[in-house]
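In structure tokens below, several structures.
Okay, so chain A shows up in both of these, paired with chain B first and chain C after.
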Partner chain A sequence: EFQFGPCQVEGVALPRLWEAFRTMKDTVQAQDNITSIRLLQREVLQNVSDAESCYLIHDLLKFYLNTVFKNYHRKIVELKMLPSFSTLANNFLFITSKLQPSKNETLSASDSAHRRFLLFKRAFKQLEIEVALTKAFGEVDILLTWMGKFYRL
Partner chain B sequence: HIAEDSSELLQHVKFQSSNFENILTWESEPESIPGMVYSVEYKTYGETQWLAKAGCQQITRKSCNLTVETGNLTELYYARVTAVTPGGRSTTKRTERFNSRQHTTIRPPDVTCIPTVRSIRMTIHPTLTPVHSGDGHRLTLEEIFQDLFYHLELHVNGTYQMHLGGKQHEYEFSGLTPDTEFLGSIAILVPTWSKESAPYVCRVTTLPDRTWT
Partner chain C sequence: DGVAALPAPQNLSVHSTNMKHLLMWSPVVLPEETVYYSVEYQGEYESLYTSDIWIPSKWCSRTEGPECDVTDDITATVPYSLRVRAILGSQTSAWSILEQPFNRNSTILTPPGMEISKDGFHLVIELEDLGPQFQFLVAYWRREPDTKEHAKVVRKGGIPVHLETMEPGAPYCVKAQALVKAIGRHSAFSQTKCVEVQGEALPL
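Showing the complex of A and B:
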């Protein structure tokens, strides 16, 4: 299960997400030739407090579902990686549906989490859309590594 | 004059990592060109600068140890190799994005198997890695992978097996027949990262029973 601060998500197996992404990783990352830009920079994911974590994962997964996965789907079909992609997308959808960032948590936690998310989103917007989609999708391993800190077997 | 294709000079530039020892390797076609030299650079993903790896500049061998340079478990890295022929032809090729925690394979554990008359004790020695913690001490595999555990099997006459497993280092298979050969097999598993080592195998014979019955 995942425990993002106050938000608990059961029924998701992190190794399965890794397995799904691993089958796509090398193909997608090989198409990202900008080695000097990282969207999920250290400032986005380092030293995230428990209180922030639920807000941040909620923002990130919603962005991945509504922007990255939605617009990268055509490329995935071209690359014939739909099954693994669907596993990842469905699990992200499930996690997002279970996250209930509480409204009465301290404003500072949600604010600070949102500032981290905006760092990521701003970096994404600065790139041409196809380049940004490929880079963001290629960084799912960075996202899964961070999510692993909140995972209990 | 048709420009010769230099890209053939360099192939399969990649990291080979086991127990967090990260070695960059490459091949060239044809196998060896007298006087061909290679130079290695590396960078952290997201940084602009490529850094030259000291000790791997203008070398003739086809490998370079980048364990120290790629040792941060939370970072991702690239490396690239430039090959130059005596005639001045050159080509540069880059690795895929690399992270040692994702990519490293796990070597078999170091185990001591000790027989008695009716049991076999197995002691697993923790595996030190080249990765250092913040305070400078070398980390073991267990400290890096929180969900690491050991799986032990004892094979009896090829058909029957006994199993033990867990996170501790001391195990004992008991209730065995004296003066009999057994095959022990011990592997390391890391579920979260879907990693499993090849097994360490020990062939052990229980001691003869000299008590008077």
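Showing the complex of A and C:
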């Protein structure tokens, strides 16, 4: 299960998400030609406190569901990767539905988490949309690696 | 063109036990004809974001039997829509859609099968292998007054696991239940089984 600070999420097998992403990783990352830029930069994911983690993962997964996956879906269909994509998307949807970032947590934690998320979002917006979508989808392994720090078998 | 429309399959239902999900329907019966079927699915994500897209089932994009194992298609604990259509030559029927979306957290969990054995003075259990999503909680105790019950989580079925070194003079009893973290549920306990070792107590 995941324990993002105060937020616990049971019912997701992280190895299963890795298995799904690995079947898409090479195809997607091969289409990302700008290797000098990273959206999920060190400043976004490094030294995230437990209190921040629930806010940050909530913001990131919402963005992936509502922007990255939604707009990259047509490419996924073209590349015939729907089953693996479906596994990832439906589990991200499940996780976000279980995350309840509490309102009375210290304001600083949610602010700090939001500032990290805005770093990611700003980097995303600075790229041409198709380039940004491909790069963001290709960086799901960075996201899953970070999520793994909050996962217990 | 005068060709009677191929009837769509009816009475779709999902039978799910121990995280094995079987979609079933009433067959389309045509004399001297073999009717095939095609199954597709949508998770909650697809229903919300790409509702026009359905994904062919891994094992049943063209199947003969009026059933389909959709276990490998259902990979998240969210509602899934499922649909089936009949295929006869170049003809296809309309799609029939499962009335209620299926969520794997509704699967029936049965008490696990278990074998208890003695390996010398050692109490050994082997649990039914129900697949990677299953762990087991094993409770065991020495059957005598004021005894204390012990518990152990066994992460995998199908392999012998040592529980305890027994002493003669009283039976040792065991029961087990299946745990599925993916849906946060567990089965009822199995029936209790007991074994006893004979002979002299082990030297201290």
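Here, the second predicted complex is superposed on the first by the 153 of 153 C-alpha atoms of A that agree within 3 Å, B and C clash if a C-alpha of one lies under 4 Å from a C-alpha of the other, contacts with A are read in each partner's own complex, and residues count from 1 in each chain.
The rule we apply is simple: a residue touches a chain if its C-beta (ideal position, glycine included) is under 8 Å from a C-beta of that chain, and two chains touch if they have at least 3 such contacts.
A quick note: this is a predicted structure, and the numbers were derived from the prediction, not measured.
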Superposition on chain A - do chain B and chain C clash or fit: fit
First (chain B), second (chain C), both or neither touched by A:118: neither
Contacts of A:129 with chain B and chain C, given as first, second, both or neither: neither
Contacts of A:70 with chain B and chain C, given as first, second, both or neither: second
Chain B versus chain C as contact partner of A:37, first or second or both or neither: first
First (chain B), second (chain C), both or neither touched by A:11: second
Distance of closest approach, chain C and chain B, by C-alpha atoms in Å: 6
Intersection of chain A interface sets (partners chain B, chain C): none
Sites on chain B touched by chain A in the complex: 43, 45-48, 74, 76, 78, 94, 96-97, 99, 101-102, 147, 191-194
List of chain A residues in touch with chain C within their complex: 1, 10-13, 16, 20, 65, 69-70, 73, 77, 82-83, 86-87, 89-94, 97
Touching residues (chain side chain A, partner chain B) in the complex: 14-15, 18-19, 22, 26, 29-30, 32, 35-38, 41-42, 46, 138, 141-142, 145, 148, 151, 153
Of all residues in chain C, those that touch chain A in their complex: 43-46, 48-50, 53, 55, 58, 73, 75-78, 105, 133, 181-184
